[in-house]
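As written, the chain order gives the labels A, B, C and D, with residue 1 at the start of each chain.
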Amino acid sequence: MRKLMKERLVGVSEETTTGVKRLYQMQANGTLLFPAINVNDSVTKSKFDNLYGCRHSLPDGLMRATDVMIAGKVGVVCGYGDVGKGCAVALKQAGARVIVTEIDPICALQALMEGFQVLTLEDVVSYADIFVTTTGNKDIIMVDDMKKMKNNAIVCNIGHFDNEIDMSGLENYPGVKRITIKPQTDRWLFPETNTGIIVLAEGRLMNLGCATGHPSFVMSCSFTNQVIAQLELWNERKSGKYEKKVYVLPKHLDEKVAALHLGKLGAKLTKLSQSQADYISVPVEGPYKPAHYRY
Amino acid sequence: MRKLMKERLVGVSEETTTGVKRLYQMQANGTLLFPAINVNDSVTKSKFDNLYGCRHSLPDGLMRATDVMIAGKVGVVCGYGDVGKGCAVALKQAGARVIVTEIDPICALQALMEGFQVLTLEDVVSYADIFVTTTGNKDIIMVDDMKKMKNNAIVCNIGHFDNEIDMSGLENYPGVKRITIKPQTDRWLFPETNTGIIVLAEGRLMNLGCATGHPSFVMSCSFTNQVIAQLELWNERKSGKYEKKVYVLPKHLDEKVAALHLGKLGAKLTKLSQSQADYISVPVEGPYKPAHYRY
Amino acid sequence: MRKLMKERLVGVSEETTTGVKRLYQMQANGTLLFPAINVNDSVTKSKFDNLYGCRHSLPDGLMRATDVMIAGKVGVVCGYGDVGKGCAVALKQAGARVIVTEIDPICALQALMEGFQVLTLEDVVSYADIFVTTTGNKDIIMVDDMKKMKNNAIVCNIGHFDNEIDMSGLENYPGVKRITIKPQTDRWLFPETNTGIIVLAEGRLMNLGCATGHPSFVMSCSFTNQVIAQLELWNERKSGKYEKKVYVLPKHLDEKVAALHLGKLGAKLTKLSQSQADYISVPVEGPYKPAHYRY
Amino acid sequence: MRKLMKERLVGVSEETTTGVKRLYQMQANGTLLFPAINVNDSVTKSKFDNLYGCRHSLPDGLMRATDVMIAGKVGVVCGYGDVGKGCAVALKQAGARVIVTEIDPICALQALMEGFQVLTLEDVVSYADIFVTTTGNKDIIMVDDMKKMKNNAIVCNIGHFDNEIDMSGLENYPGVKRITIKPQTDRWLFPETNTGIIVLAEGRLMNLGCATGHPSFVMSCSFTNQVIAQLELWNERKSGKYEKKVYVLPKHLDEKVAALHLGKLGAKLTKLSQSQADYISVPVEGPYKPAHYRY
């Protein structure tokens, strides 16, 4: 008789924020059927894919979808987490003036230290040129905000689902007209003014909808986390090391992911001597940082 | 009869890496006599003081000590932790070409993503113009390295003690001559070549020795952590909330430190709605991030 | 009887470097049949289209053609004129390490002041990842250079014709294989190694071949120069102001082009008082700079 | 009998904007007694000393005079010429938000393309933290502006004389109090509010008053221009090459100044082949650019 899939599975690895949240809920409920490794919170995932991936693919998506000159424009980045940090710096580097909206005072203070103005959406909605949501939350830019925007303001999301931007409110706005300029690039006209805004990728992830997502190098970091997690689960399947819980990838494996990517970029690491390692109380071969280290 | 000090003390707060390490050792040994709060690992300390403080005070120290033009020079930053990140970006922004040395592959990969070359000290010792140690370790630049440097290479430390740079080896080098150009700025001549290097602040923290340390705004973040920690210890002195252990500052207080500094910089925070807060499972008033969040 | 075209034409305006060169030759030869305005050398053309246009469209072309992650890579920019300056900063901002090649010591010193290494192509040909020609000259990257490059090095031109890169030498290399990955993106395999390089747009302008050229805002600056030049020629057709020579656009018109573009970006100009204007010996309404001013 | 000085002098070289202006006036009046070389308008002077010198020495002066944290602050740069460009980028790199004021629409558009907001002083006077004048004009910041500034706003000049900032108006303001914090750093209190502003170097050049001026490398470029101009005048004193007029330094000598500074920074120039030189119609050994080229 065939075994059930859950009996044949030795574990699971997961790299998305949303998926990881579900796993922690299952762990809390006691419904997690096998060990799980959360690779979303590996440093080589969250601090690379989210940050450097978006720094690349936000301007890529904007340029492919709209051909707009970013220099000289006012960009609003809603949220200054890893994704928001990548987006804000990308717009700044391209010559835009960038304003950040934030709920978290720590992230807001980080934005200020990088020279970004921190305001509310209400403050800037009437004069900004490009709006980007990166929050992972919902209801960030509502249809009432969109009505107040300049003609041909660009509105896009690179954070989460198509509820960061109130697509439902926009679609159901009485008398609104949607003009598809090209696939994934729509102009929405409000009847009161007959002017409108440009919404990318129907409010879904614009780097996937309007460009080709993150470049392969940074995805290689993410997927190496997956592969290493799978190998770890397989190698330890009989050792009892992993119970029916959610684990983050051990730091020495997180460091291994990074190490595997250095050669391609011509980097050479320095080696600790034994006495140096002893001096800072780490093994010569790593891991080098405590679990709470923030990078 | 007077009580002993340890009986009168209700707790301690500590903001240096080295001091915190001692407290954790005392906790491990069972010799910690009262609760301790580690404010070194508050986000508003480590990610501000170390990073933005040094971004400011490294060039400040270099300019006050040497008046050297940073643009066009090759700068080597040993270590790419928070201090190293601040130093590397400061030199880059001033127009230097920056090379990073690292032992940790994750930090090395971060350096690469920011456009820094990652090499070993040996690779660059003969041609770089400015060397900065930021590691918190010892024996980073040895006297044998210093002998190989260009005439008038600048060597300084902004990380830890005066053993990051091998000052002892330098002072005891046979025939070496020390010429004090001005206080905290010495030229050391090697007898073999009669050329030499410029060492700042006798290998101690150059931003303190050659400039005035970090600017007050960033120190206000650090000291607000101290004050809030002291208030917390005092307010909870009878509640039993804190045992004879080392604690990090609770995240809502870390966020409070940041919030207290936003007004000065003209920032306005966005407020979460209740339904948004529920959607991401945080309280409306924060804290907003899980403990492991890296900022 | 119909008049010949040359008799009906009142003048010509020209915005390309190559076209302008021809006009100056005709002036020298006495074969110029009507007045000509060189708008290529308007500040609002050469310092905008060439510099900011390429800063935008180089990464755009690279991303559309190859999806390559620019961060962490070594980019070589051949030439550090206006086009090269835009390209070098674009790659740097995206996280690449950039090396510049130059013949002109002044431009080379400018590159150094911005933190770029200045080397020869020969120095870097074996380890760089992305090569960009911006010189306006020929024979910059020869087939013998291409043979020495890393597998999958990207080679492209954003300067001039398809002779900056030795396309002819490449096409005629014995045994070379061309594999078209997609239109305008070819992999060329050398028979000796069976590895190869990726050439964009067949060596022609990669921002036109692989992306959509410069964005409209910067082209509006260029084309406004054209329109204003045409109006000037027409309005002065009977005044004798313009002889059968090549003229640059008068500075007050160059300033007008800029002024027409400020409102869109929300800028507000300061007005000179009469006494301030007198103090620096310019008219209140401009032009504000001497002809030799370099911006 | 002794000859008059004017009869013994073979020529003069001058590197300041103001001095050069006087020479051109003398030439126009017919009162110029010997040949003069204007080295102020050498590229290796105006585009290096003014731009890169100020990028270095503005933050240097601010830090030495006030120890203020630049990150997070709002900086206003009045004027976006070479000096203003250096100042604006220096403040931006240090983490400030920078606003530019300009009279010239071309320079204003350049500022916008770099992400700076362009407003009038009136728009920003009440909320900015740091004000820097770079215009070379007078009456830029008047005492009535200073009265509207925030308590402890910093006001300084790096452009021209102490009339860019209305020092006379400030000193004569009824009831104003001057508190010297340290030499070259004064707090001026207005009687109406008992709050005040911090003025650096009594309104004179703050990099000279509060720091040590530009670093030696960039001054070496300026002074090499002087030396080469003097040698040229001497060598040609009998050839009749130079009449009693003002000349700019010939471009091949401007290029020579740059070439002499490349080795120190480890740069290697590419050499033109004869056929490449012919292709762009320049000599193999330079000069490489037409007189009107803007760098």
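Observations, loosely collected:
Rule of thumb we're sticking to: contacts are C-beta pairs under 8 Å (C-beta built on N, C-alpha and C of every residue); 3 or more make two chains touch, one makes a residue touch a chain.
Predicted model only: the values in this text are computed from it and were never measured.
The chain with its CA mean position farthest from that of subunit A is D. Matched by residue number, over half of the contacts between the chains of A-B recur in the interface of C-D, chosen from A-D, A-C or C-D.
Centre-to-centre separation between subunit B and subunit C, using Cα means, comes to 44 Å.
Remark: subunit C and subunit D have CA centroids separated by 28 Å (rounded to whole angstrom). Once the centre of each chain is set as its mean CA position, subunit B and subunit D turn out to be 35 Å apart.
Residue positions of subunit C touching 2 or more other chains, listed in rising order: 52, 71-72, 95, 109, 112-113, 117, 265-266. Residues of subunit B that touch subunit A in their complex: 41, 43-44, 46-48, 52, 82, 101-110, 112-113, 117-121, 123, 136-139, 221, 248, 254-256, 258-259, 261-262, 265-273, 275-276, 279-280, 286, 288-289, 291-292, 294-295. Taken together, the subunit B residues at the contact with subunit C in this complex read 71-72, 92, 95-98, 109, 112-117. The touching residues of subunit D, counted against subunit B in their complex, run 52, 55-56, 59-60, 63-64, 67-74, 93-95, 127, 211-212, 214-218, 265-266.
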